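Same chain, two partners: chain A is paired with chain B first, then with chain C.
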Partner chain A sequence: MKKLLILCLLAAMLTLSVQAFAHSPLMSCFDNGDGTVTCEGGFSDGSSAAGVSMHVKGADGNVLIEGKMNQDSEFTFNKPEGAYTVVFDAGEGHSVVIDGSNIVE
Partner chain B sequence: MKKRFIMLLTVACVLAVVSSAFAHFMVVYTPEIAFEQAEDMDVRILFTHPAEAGHMMDMGGVEEFYAVFQRGDSEPKKIDLKGHLKQIEWTNPGSKAPAFAGVIPRKEVRSMGDYVFVMKPGYYFEKEEDLYMQQITKVIMNVGGVPGNWSEPVGLPCEIVPLIKPYAMWTGNVFKAQVLSEGKPVAGAEVEVEFMSHMPDLKTNSMPEASSVEYPHDAFITQTIFSDDNGYITFGIPKAGWWGFAALGIGPDTEHNGKELSQDAVIWVKAVDMK
Partner chain C sequence: MSSSLLVALAGQPNCGKSTVFNMLTGARQHVANYPGVTVEKKTGFFSLGDLRVELVDLPGTYSLTSYSLEERVARDFLLNDNPGVVIDVADASNLKRNLYLTIQLLEMEVPTVVALNMMDVATRRGQSLDVARLEELLGVPVVPTVAKKGEGKEAIRMAVENAHADKRVAPFVVDYGPLEPRIEDISILLGKEPTLGAQYPLRWLAVKLLEKDQEAEALLRRAHSEPQAVMDAVTKARAGFLESEGRDIERQVAYARHTAAGRIAREVVAVEEGRGRSLSDRADRFICHRVLGPVILILILLALYQVSIVFGGWLAVEVWPLWGGIENLVSDLLPEAGFIEDPLVRSLGEWVVKSMTAILNYLPIFILLFAFIAALEDSGYMPRMAFILDRLFRRFGLHGQSTLPMILGGVYVGGCAIPGVMATKAIPDERARLATILIVPMMNCLAKVPLYLILIDAYFPQAGGLAMFFIATVTLFMALPVAKALSMTVLRKKEHAPFIMEMPPYHVPTMGGVMRRSIERTWLFLKKIITVVAAVAVVVFVLINFPGLSETRAAHFAAEEKAAIDAFMAEVDKTEYKGVITRDDVLGIILFDEALKQAKVGVTDQAVSDTINARFDAANPVYSAVVRRQGDDGRTLNRELRKVISTRKQLRREIRTERFEGSFLGVLGRAIEPVTQYAGFNWRINIALLSAFAAKENSAATLGSIYGIDGSGLSVEESMKQAEAGFTPLHALALMLFMALYPPCIPTSIMVRHQANSTKWMLFSIGYQSLLGLFVAVLVFSGGSMLSLSGFQAMWAFYALCVAVTVIMALIPTREEARTTVVDGKEICKNKCS
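Let's turn to the complex of A and B:
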C-alpha cells in the first residue's frame, strides 16, 4: 500500500514536471506615458497568468509594490522614482524579471 | 510582313495562355511575423502573381483592413488598421498598378499574443474571363511567444484556418489548414500555392526581375492541392520564405455588378530554415 502511494506520488511529480517544461513564463511591460506602467503576463502554451504574484523592487532590492495579475493577465502600477525591476513570480523556475530601464512607451 | 504578323500573333497567343496559367494572389506583406517585442510594422498590399513577379492588377481598393488580437484565452479584440494605409503605385517588371502601403505603429500591436491580420479588398475585374475576383487575405503575427487565436476562424465569408502555427514554421514542416466558407468546411476546394520567389522591395515598392527559384516547368509555378472531405489541406514546405495559399471561388458571394464573382480565401505563411 505504501509502495503504491510512493508510486502515485512519483507519477504525480513526473506529470507536474512535464507540465513545467512544456510552458515557459513570459512577460512584457510598457510605460503608459501617464506615470503608470502596465505589464502583461502569459505562458508559452497560452495558459492564463491571472493571479500570478507581481513585485516591483527598488534599486536596493526592497519590494515597493506587490500585487497580482488580473483576469486579463495584466498588472498596472504607478511608476516608481528611480531604478526599479518588475518580477513576474509564478513559482520556482517560472519567474521573469524585467529591468525598469528597458520599459518604454 | 504577313509572316511577321503571324509570328507576333503566335507570340501574343502563347503569352496569353501562359499568363492565365499564373495564379492570382492578394499579397499582404510585412518582413517579420514573429516578434519577441513589438515593432512598427511596414506593410504592403498588392495584387499580383508572386511566383513570377507577374502582372500587377488593380484590386479595387481596400474595403477592410484590421487585426483580431488575442492573448491566451482572453477575449479576442478587433483593431481597425485601415486608417494607416495609403495608396501607392507598385511596379513589377512589365506592369504597374495601384497598391497600398502603411506603417502599423508599435502601440497598436505591442501586446503579447496573436494578431490575425485581415485584408478585404474591393473587386478586380478580369477582362479575359469576364468575371470579378475578390481575395480575402489573412496573415498571422505573434508578439512575445504567448499564443492566441492563430487556429481560430475570425468569421470571414471564407477563410483558411491553420492547424500549425503559421508564424513558427520550419522549412520542411507540413502546412495543414482547414478551408471554410461561412464557417463550414469546404470539401474538394481547389487551393493554389505559390512561393514568393521575387521578394518585395519596400524601398522601391517593386518586385525584382530576378527569381530565387528556377522553375523546371510551368506546372511548378503554381502548385495545386485539393481539400479533403472535411476541408483540410496539407502541403509540405520545401523552402524557407513566404508561401501563399489561395482557395478559389469558395466564398458565398458569387455575383458582383451582374457578373460572375470568384470570392477566394488567401493565407500567407513564412517558413524559416533550422540552423
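Let's turn to the complex of A and C:
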C-alpha cells in the first residue's frame, strides 16, 4: 500500500508537467492589405482548429480582441493600431504566439 | 581452399559484447531483425586465413531459458542455425554472474570460446583472475581481453580457429542434486530414439523438458517418435519432485546453476584485502534504498518525461515545417484540386501522406526517448527500477519495468500511447510485457484531453477540477485490475519469468553508443511503421469515403457550386474584367490565392513578401489583381472572391460530413445505435467516436463539426447542449469513460502489432477495449439512471467501485507470485528494497 502511495505521488508530480500535446499546434497569419489580418490554424495531424480560442494583445499585454477560430479554422480581425501579438490558445501552456511585426502583407 | 564459418557472439547485457563485436569485425556490419521478431540482429564479417567468418551478435541475455523474447531468439539461433563456434563474452569484474550464461552454453555442448572481457575493470577493483584454472574448470579456452582498447583480438581469433579445427566439445556437468535421478530417467527415455542423441545433447534436453521449456517440447515432438511417452514421464517427474522436495524444478535448476557458477568464481577470483565493496554496491545502497530509491526513481522518470515528451514536443513543433513541406510538395505533384470535389488520386494521396507525416511528427520524441532508454539500459539502472516497483506491479500481473511505458502513455494526463507501447520492449517477462502493451492505451494520452475538456466545460462546470482529477486518476484504477484479469485469463499460458533478473554493475553510458543505438532503432522503426501506416491509411480511406454521395445529393451540391460561381460572375460582368475572367477561371483564382498564401507561410520580412507578391503578379496579372486587391475592381472582386471561397469550404465540409455519415464506417455508427443507446450514445456520437479511432484528436473536431460553430457565437459546448436536449451530465460521464477505455488510435494499434508481433493481439486489443469501454459506459449510464444518480454522484460511486476492485484484485494471490525469488547477487538491493 505504501508503494501505491508513492505511485500516487508520482502521478501528482507529473501533473506539473502536463504541457505538451504530442500533436503540434500550427498557425500562420496574413495581412489582407485592407486593414484586416487573417490567421489560419490547425494541428500537425490534420485536426481542425475550429473553436480554438484566439486573443489579440496590445503592446502592454492587454487583450484587445477575443474570439474563436471559425469552422474553416480561420480567424479574421481588424488590425490594431501599433504593436500587437496574436495568440492561438489551444489549451494550458499549449499555444502559438505570433508577433504582429512578423505578419506581413 | 576458401570456406566459411558461422560464429555466434553471446553474452549478458553490459559485458562489452558490442565492443568485442566491433573489435573483431571493424566497420563491416549489417543490422537487421531476426526473422519475425523485433529483436535486432547484427552481423559482421572477418577472415581467418582462408576462412571467411560470419559473426552474428546474439541479443544480450542473462540466461538461455525462454522467458523473454531475447532469450528465446538467442537460444533458437544456437539450436537451429548451428554456429560452428560460440564466443561467450563474460565481464571479468562480475565473473560469477556471467558464468551463469557460460554454463548454459556449455550444457548445450556447442564449441565455446570464453572472452574474459573488461580485465582492466577487474584489476581496478582489486580482483585477480586465475585464467588457467578457469580454463581447466570449464574445459574450454578462455581469452582475457580489454576490447575497449583492442587487447586480445588476435588471441580470440586464434582461439576461434583452434576451436573450429578441434571441434571437440568438453562436457561440462552441473550437479543438479536431488534432481539427478530424474534427469537420468528422462535421458534414458530420450536415448531410445537413436538419432536424437546425435542432434542434441540428451542431458541438456532432459533438463530443458523438466524445466517445462515449450521450445524443448516442440523440439521433442519433431524429433522423437514417441513424444507423448516422454512427456508423460516428464509430467510425472515434475509432480514427484514438487512433492518430495517442496519446490518446483525451475527453481532447483536455476539454483544449481548459480551454485556451480559461484563455486567456480570462488576458486578463480581472488579479491585484494579491503576492497570488498565495489562502487556499484555502494551506489545501490542509495538507489535501492527504501525511501531514497523511489525518490530517485521519480526524479529520473520526471527527467525522462521532461526530455522526451516536453522537450521532444517542442522540438517536434520546430521540425514540423519539414513535414509540412513534404505535404505541400506532394500536393503540388498530385492532380489539381477541384471546386467541391477533388480527383480521387489527389484526396487519397493527400490522406496517405498526411497519415505518415502525423507519425513523422513524433520523430524527435522517438529519437530522444530511444536515446534515454539506451542510456538507462547501458547504465544498468533498468533492473533496479524494475526491482523497486516489482512488488507492487507483480500483484497486478505486471512487471517493475511496466512503469516507464505507463508514464509515457500518460499515467495521469499527458502522454502518448505510441512511445508507451514502444517502451514495453524492455520488459523481460513475456506475460507482463503483453499485459502492459494491452493497458498502456488505456492511459490518458493528451489526444483524449480536448474531448474531456469539452464535456467537463459543458456538463461539470462547477466541479471542473474534481472532474478532471476523477478522469485522470480513475484510469489507473481501471487499468490495474484489467491487467490482473488479463494475466489470469487470456495471458495465463504466456511465458512467465519465475524470478527477477539480476543487478548488473553500473556503467557510464557512452554518448556514441547511446546515439548509435537510438538512431539504429529509430531507423528500423521508421522502415517498418511507414509501410504499415501507408497500407492502413488506404483501408481507412475506403472505409470513410465509400460508397459516396447519392446522385441527388451530388446534383444538389453541383447546383450550389453553380450558384456560387454565378454570383461571382455577376459581379465580374459589372467590372472591366468582363470577358477577361470567365467561369473557368474561378477555380484557378481560388487555387492561385491558396498558392500565394502557401508561399508566404513563415515569411516575416516585408521585403521577402514583396518579392513573392511580384512573382505572382508576373505569373498572372489578372488573377493577382483579384487576389491582391489591386485597383477598384480588384477590391470589389476580392470581396466576392472571399464569399466564393467561404461557400466552397462550407460545401466541401458538408460533403465530407455527408459522405462520412453514408460511408461504411458511418453506417456502422447507425447500426450499433440499438446497443450504444444503453450507454447514452446516439448515432451521431457513435460516428464521432468511430472517426476518433483514426486519430483521437478527431473526436473533438468531429463533435465540433457535428454540433457546429455556425457563427451564432455559441461554443461547441453550448451548441451541443442545445442540439442534444436531454443530454445530461450522466451521458457526458459515460462518454468520458468510454473515451478513456476506447481503443488506441491507428498508429498505436500498429505499434501494438509491432511490439506484440501479432495481428491477433492487435485485434484483441482493439476488441476488448471497445467492449470494456462499452460495458463501463453502459454500467455507468444505465446503472446511474436506474439508481437516479446525478452525473456527479455516479462519478464518485464509480470511482469507489474501481478502487475497491483494484484492492481486491491486488489481494488475489497468483501461483507465480509465490514463486518470485531472489536468487543471487543483489544482497543489498534485496535487503533494502523488499
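Everything below uses one rule, namely that the second predicted complex is superposed on the first by the 83 of 105 C-alpha atoms of A that agree within 3 Å, B and C clash if a C-alpha of one lies under 4 Å from a C-alpha of the other, contacts with A are read in each partner's own complex, and residues count from 1 in each chain.
We adopt the following convention: a residue touches a chain if its C-beta (ideal position, glycine included) is under 8 Å from a C-beta of that chain, and two chains touch if they have at least 3 such contacts.
The structure displayed is predicted, hence computed values, not measured ones.
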For chain A, which side has the bigger count of touched residues, chain B or chain C?
C
Please indicate which partner A:D34 is in contact with in the superposed arrangement: first for chain B, second for chain C, both, or neither.
second
Which of chain B and chain C A:V97 touches, first, second, both or neither:
neither
Considering only touches as defined above, state whether A:G51 meets chain B (first), chain C (second), both or neither.
second
Under the stated touch criterion, which partner chain does A:F43 make contact with: chain B (first), chain C (second), both, or neither?
both
Contact-wise, after the overlay, does A:N70 reach chain B, chain C, both or neither (first, second, both, neither)?
second
Taking the superposition on A as described, I'd like to know which of chain B and chain C A:L26 touches: first, second, both or neither.
both
Residues on chain A lying within both footprints (that of chain B and that of chain C)
24, 26, 28, 30, 40, 43-48, 72, 105
Seen from chain C, its contact residues with chain A in the complex are 294, 298, 301-302, 305-306, 309-310, 312-314, 316-317, 320, 323-324, 354, 357-358, 361-362, 365, 389, 391-392, 407, 411-416, 418, 445-447, 449-450, 453, 472-473, 476, 597, 600-606, 608-609, 613, 628-629, 635, 638, 646, 649-650, 653, 695, 697-698, 700-701, 704-705, 708-711, 715-716
In their shared complex, at which residues does chain A touch chain B?
24, 26, 28, 30, 40, 42-49, 72-73, 105
Which residues, counting only chain A, touch chain C once they are in their complex?
3-4, 6-15, 17-26, 28, 30, 32-34, 40, 43-48, 50-51, 68, 70-72, 91, 101-105
Chain B contacts chain A in the complex at 37, 71-74, 107, 110-113, 143-148
